[in-house]
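Accompanying notes for the structure given below.
Chain nomenclature is as follows: A, B, C and D, assigned in order of appearance, with residue numbering initiated at 1 for each chain independently.
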């Protein structure tokens, strides 16, 4: 059975370590914050200038001057700090953020990622995504393995305009956990009840299967 | 030394057709509402606007867009704006999109007298087309050039008569660097105090970067995506 | 997350012979006294030190110099130090001198992931020898590369358990950028408080840049040139 | 009669305009602060991270955490701000400082300046001088016209290692006020009682004399 969005987030949350500075993109990545393992304290970075992002506010605490990179109202945690956008991206570009989780339209077996533009649709802009993928030490992509038509989104080569090249390290899809290696997508774990054959069928790029591939334990 | 003006009407003096103007803010957070509103009442047109976003249909830079006062936008994200889409598809508006961190650093570089610098963002993508690239530490980088503007318009929480500025929370965003990068920088503030009242250890933008300052009025501070805890 | 250590002895763990270490401070102002003193008690040698100055004969980095723990200094100004002069003339010490602003920006670039950038300072002087040069806006510039360090050691006025730092007056100087540029950054502070006690709008160095923090003791804060009004 | 150090400072102070941000080097330039014309408010920039530098402190107000670029204890004025060295040199490099006054060993007729190193003597370093001369919009040099041996310090070419090229705009020496032009040192004013011949004799570089050269009014 394929993972739902929350389960994908839950699997990614296992990567978090105590003291990590974490940047979570819009969509599934945001859900990762709900599954931080017990005893682990991470600090959320929002690229519009906040380290130590908290939950959404209540009607009483809402503040127009306090938003996240998705422009949603948020709060801040004890130990938070605010800063300008140049400093915020100095954190990203300088490799100070420990882990970056973001969504993707497509990922190639070389770790290229396409996530910002679909030709023919309106260009909205890349925001901070290109900076994040170009510089993050550890990039995990949260995505669906296939599109609505059942076509693979894990490809030999991306077909859409790229956000960055050779940068994705790990992918958690609804079907599997994979590492991006020199030789292609290395299958690490599969969703409960999903067979290796199912994953093979859903993956256009090179899929490397070595040894036993355990099921994800949720 | 007198940098203090009474209102946005006085502050925008000198802004003319076809000038390059930076506007601080991220989405609708920390935008110079008074100055944008005042500009929207003028016939100034052909502006090249440098701003991370372009407001929404009926707020922020959306006002200038609606009036067709903007010739070109230099931004990182221009979604959530139907009029923007219309003008872009009709060829009435030019857009240059840049990665957000590169945009921020290009503006800081403009203010800091650094004409160009290298960043990895955008290499291998269409952002890199036409740009010089070079390897450092085994990784490819793009050469990005500084951005400056005829005028920079920023919004702060508190300011003093010397032009020192303090921002609140995430309303800092692009304001601090843009203040550095304007040939003339206009700062509108929620509260203007005499020099000496702000803590000199807690100034975000030192007054040297600010040529004009005024206390704004009637801040709406519209929220783009109100999101509350359940 | 625990960044808090008890003292300089614990904080310097991992600093080894021949490493590159940045030290904050300008002259004797804002130097990490505790950590320097602790390093001077070790046998660590061959250090490449990046610091705007090199202390005086009997204070600051002068301690490490006296013990011959420093192999090379990267600085902008190294006067007021007889032992420094002696070692330099004897060939016991290497020195790389850089314009102060270029030094500051190279360190910031190191912390900000910018591998290289252009500045006008030093063009046409011996600082430019062996460096690439290029014209921008009708003016010649030098290509300067980023500086990083195995360890950066900084001194702040107040700090919290998350590593957030606030400096006092001109004791900020190089500390803020160096905190960004160390692979491991050690911060010693005069007052260490629990996370949440510092104003989040008034943090100079966000905690993400600081890996180790401790509250220092017995700050002498020696004044290099006491100058009083008549 | 040649100007003394204070008079040189006094002449330079005439260049100050209300609201100017001013960087004063060590030595004679520091004295300029004592001659700010009445009704004019300037703000002193100290490159170690202070805008709005005040007088020297008293024994009661002295603070080890508050020094100037010459490492002297100072105070700060209302409206002051403190910042790191990168921001401080952003002000200088970005052309935000209105006027820079500094000393020199030698200046050439092309506006080159030598001020930081004498071969054979110990190298102390350039500090912020190279940044200042490379970027300041308006650089005024305060210097003696000749050295102790009576040799000119205003030369065709500098003999000492340079601090910067093609940057000095104006020179106020003990003998004269000069502008650096494409064609050489243009004599603007002469010290009271100092003749044009005296200045010619003391100037190795090209000296341009056009029309009447008035005496400096102190």
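As a working rule, contacts are C-beta pairs under 8 Å (C-beta built on N, C-alpha and C of every residue); 3 or more make two chains touch, one makes a residue touch a chain.
These numbers were taken from a predicted model, which means no experiment stands behind them.
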Which neighbours do chain C and chain D have in common? B
Tell me which has more C-beta contacts between its two chains, B-D or A-B. A-B
What's the distance between the Cα centroids of chain A and chain D, rounded to whole Å? 55
Chain centre separation (chain B, chain C; CA means) in Å: 33
Chain-centre distance (mean CA atoms) for chain B and chain D, in whole Å, is 36
In whole angstrom, what separates the CA-based centres of chain A and chain B? 29
Give the residues of chain D that touch two or more other chains, as numbers and ranges in rising order. 76, 82-83, 86, 89, 92-93, 135
Could you list which residues of chain C touch at least two other chains? 105, 108, 112-114, 119-120, 167-169, 200-201
Which pairs of chains touch each other in this structure? A-B, A-C, B-C, B-D, C-D
Chain C contact footprint on chain B (complex, rising order): 105, 109, 112-120, 136-137, 141, 145, 166-169, 199-202
Please output the residues of chain D touching chain B within their complex, sorted ascending. 18-19, 21, 41, 43, 45, 51-52, 76, 78-83, 86-87, 89-97, 135
Note which residues of chain B are touching chain D in the complex, please. 1-3, 108, 110-114, 160-162, 164, 180, 194-196, 200-201, 203, 206-209
Can you check the complex and tell me which residues of chain B touch chain A? 26-30, 52, 75-79, 85, 88-89, 95, 97, 99-105, 107-108, 119-127, 157, 167-177, 204, 221-229
Please name which positions on chain D make contact with chain C in the complex. 46-50, 55-59, 62-68, 70-74, 76, 82-86, 88-89, 92-93, 112, 122-131, 134-135, 161-166
